[in-house]
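For clarity, chains are labelled A, B, C, D, E, F and G in written order, and residue numbers in each chain start from 1.
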Amino acid sequence: MKIRPLHDRLIVKRIEAERTTASGIVIPDSAGEKPDQGQVLAVGNGKILENGEVRKLDVKVGDRVLFGKYSGQTVKVDGEELLVMREEDIMGVVEL
Amino acid sequence: MKIRPLHDRLIVKRIEAERTTASGIVIPDSAGEKPDQGQVLAVGNGKILENGEVRKLDVKVGDRVLFGKYSGQTVKVDGEELLVMREEDIMGVVEL
Amino acid sequence: MKIRPLHDRLIVKRIEAERTTASGIVIPDSAGEKPDQGQVLAVGNGKILENGEVRKLDVKVGDRVLFGKYSGQTVKVDGEELLVMREEDIMGVVEL
Amino acid sequence: MKIRPLHDRLIVKRIEAERTTASGIVIPDSAGEKPDQGQVLAVGNGKILENGEVRKLDVKVGDRVLFGKYSGQTVKVDGEELLVMREEDIMGVVEL
Amino acid sequence: MKIRPLHDRLIVKRIEAERTTASGIVIPDSAGEKPDQGQVLAVGNGKILENGEVRKLDVKVGDRVLFGKYSGQTVKVDGEELLVMREEDIMGVVEL
Amino acid sequence: MKIRPLHDRLIVKRIEAERTTASGIVIPDSAGEKPDQGQVLAVGNGKILENGEVRKLDVKVGDRVLFGKYSGQTVKVDGEELLVMREEDIMGVVEL
Amino acid sequence: MKIRPLHDRLIVKRIEAERTTASGIVIPDSAGEKPDQGQVLAVGNGKILENGEVRKLDVKVGDRVLFGKYSGQTVKVDGEELLVMREEDIMGVVEL
């Protein structure tokens, strides 16, 4: 069972364990929205601009992305917890 | 008796039972808007963009869609409870 | 005496009795905005888009429409209570 | 002494007495914004759209219009109380 | 010493005395924003539209204008109290 | 050390002493945002419009400008207190 | 490990020590958002405009930039604390 996200939305699988890695990206417990990481499982066809154009997303399936911790909505697919969010919520792509 | 939705609206029949299926998509009882599933019964002609173009919807009749639990408005047609919502409220299409 | 609505507005005559019809559309007494039905008596020339185009309305005179219960403004014309609302407030056209 | 309204504004003279006419449009004392009637004395050159076009108003001098009771601003010209409002505030043109 | 207003702004000299003239425009002491009159001393080059066009203002130097009493910002130039406001704040041009 | 402002921002050096000059512009201590004067030290390349055009600013280096007292952000460069603000915050150019 | 920012976002490394330098830019402890400095480590491909155009950022890798103290989101990459922010949050480029 899969979810095909619409327009500028993405399906992201959160990477929880990475948060305690010493040399990796560590998100401090500061106030405000806390960034987090995940892997992109599916992307929508693109964002609909006001001139009618559909702009393909920059983020691709397989990308490791950085996003705000409370971004998106959580769903469970075949026992796996996933996130549905907009590309707008993605701060950057992590390059290892 | 049928409802023909206008513009970027859809008529969706909620699929309640799916929520307890072990291997299916399960929506956790977390805070905030809870996602849900339904089947699309009718779609509008498309969203009117500011350049005058009418953009056909990506969602089709028969699609199984994922949406926020409190999205849309409930109506009863011939004893059946339906939802009227905008494509914007649809997070993704479920592919079995 | 008649009212000619401007732009994307419509004149709608509410159909009150329909709400208790067993096989028709019944609006549950849930929280939030309650949908309702009416017949379109007059429509404006169309919505003015930002590119200067006037887009004709999809709703036509005689259509039976579904709308939010508190949508529009109530006026009495020749003893008859009517609603003035925008096409944006119309959720769909009821096809019998 | 006259006022020439700018852009999409109109000068309207309220028709107070009409509100108690048995066969005319009667505005009920319900909650929310109460509609009212008036005669258009002057109209602006048109609304400036974002594409630079100036769109002539649909409402003409002499039209009898329906508007929200608290729409516009009141001014007194030569002892006569007038309203300055935007065409956007006009719900429809009354045709007798 | 003069102020050259930017874009769609104007320099207006308020005409206070006119408010008690019997046959002129009198602004009632009602609730809300109270209209007022003034003479235009300088106008900006025009409003910048989103398509890059600069639209010249409709109001000209020397015009007598009607505006909301609390519109604009007050400055003193060579002992004279002036107002800087946007053309958007002008309701109409008074024609004597 | 210099700051090159981005887009539609400017670097302004406030002219404090001018506020008590008898024949100059005097800003009254009224409620609301109080206007102020300054000299433009640097301007950005221009405002990015939604059609992709970059519109050069009307304000030039050396101009004496009038702005709201609390507009912009204060920075100290080489011991000198400067303001970074948007052209939108500038009400007019003072011509002596 | 690196982060590639999306669209109009940048990766900035804050320059903390500069704040106490006598002849440099000193940010006063006033109310409101306090400006700060940093070095740009990475920039996105550009801002997506509503006409579909992607506008390259003005800020370049290596630029020293001035921004509001609480702008952006903090992440730690390989033990180093970085900021992810939008070009919109950048007030200017510091030229030494």
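Criterion: a residue touches a chain if its C-beta (ideal position, glycine included) is under 8 Å from a C-beta of that chain, and two chains touch if they have at least 3 such contacts.
Here is each chain with its UniProt name: A, B, C, D, E, F, G = Co-chaperonin GroES.
The structure displayed is predicted, hence computed values, not measured ones.
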{"item": "Both-way neighbours, i.e. chains that touch subunit E (Co-chaperonin GroES) and touch subunit D (Co-chaperonin GroES)", "value": "none"}
{"item": "Chain centre separation (subunit F (Co-chaperonin GroES), subunit G (Co-chaperonin GroES); CA means) in Å", "value": "23"}
{"item": "Distance between the centres, which are taken as Cα means, of subunit F (Co-chaperonin GroES) and subunit C (Co-chaperonin GroES), whole angstrom", "value": "51"}
{"item": "Chain centre separation (subunit B (Co-chaperonin GroES), subunit D (Co-chaperonin GroES); CA means) in Å", "value": "41"}
{"item": "Sites on subunit E (Co-chaperonin GroES) at which at least two other chains make contact", "value": "50-51"}
{"item": "Topology of the chain contact graph, where touching chains are joined (line, ring, star, complete, other)", "value": "ring"}
{"item": "Sequence of chains encountered when the ring is traversed from subunit A (Co-chaperonin GroES) in the direction of subunit B (Co-chaperonin GroES)", "value": "A, B, C, D, E, F, G"}
{"item": "Residue ranges of subunit B (Co-chaperonin GroES) in contact with subunit C (Co-chaperonin GroES) within the complex", "value": "1-7, 9, 11, 42, 44-45, 48, 50-52, 73-79, 81, 84"}
{"item": "For the subunit B (Co-chaperonin GroES) and subunit A (Co-chaperonin GroES) complex, residues of the former touching the latter", "value": "22-28, 30, 32-33, 35, 47, 49-51, 53, 55, 58-59, 66, 68, 87, 90-96"}
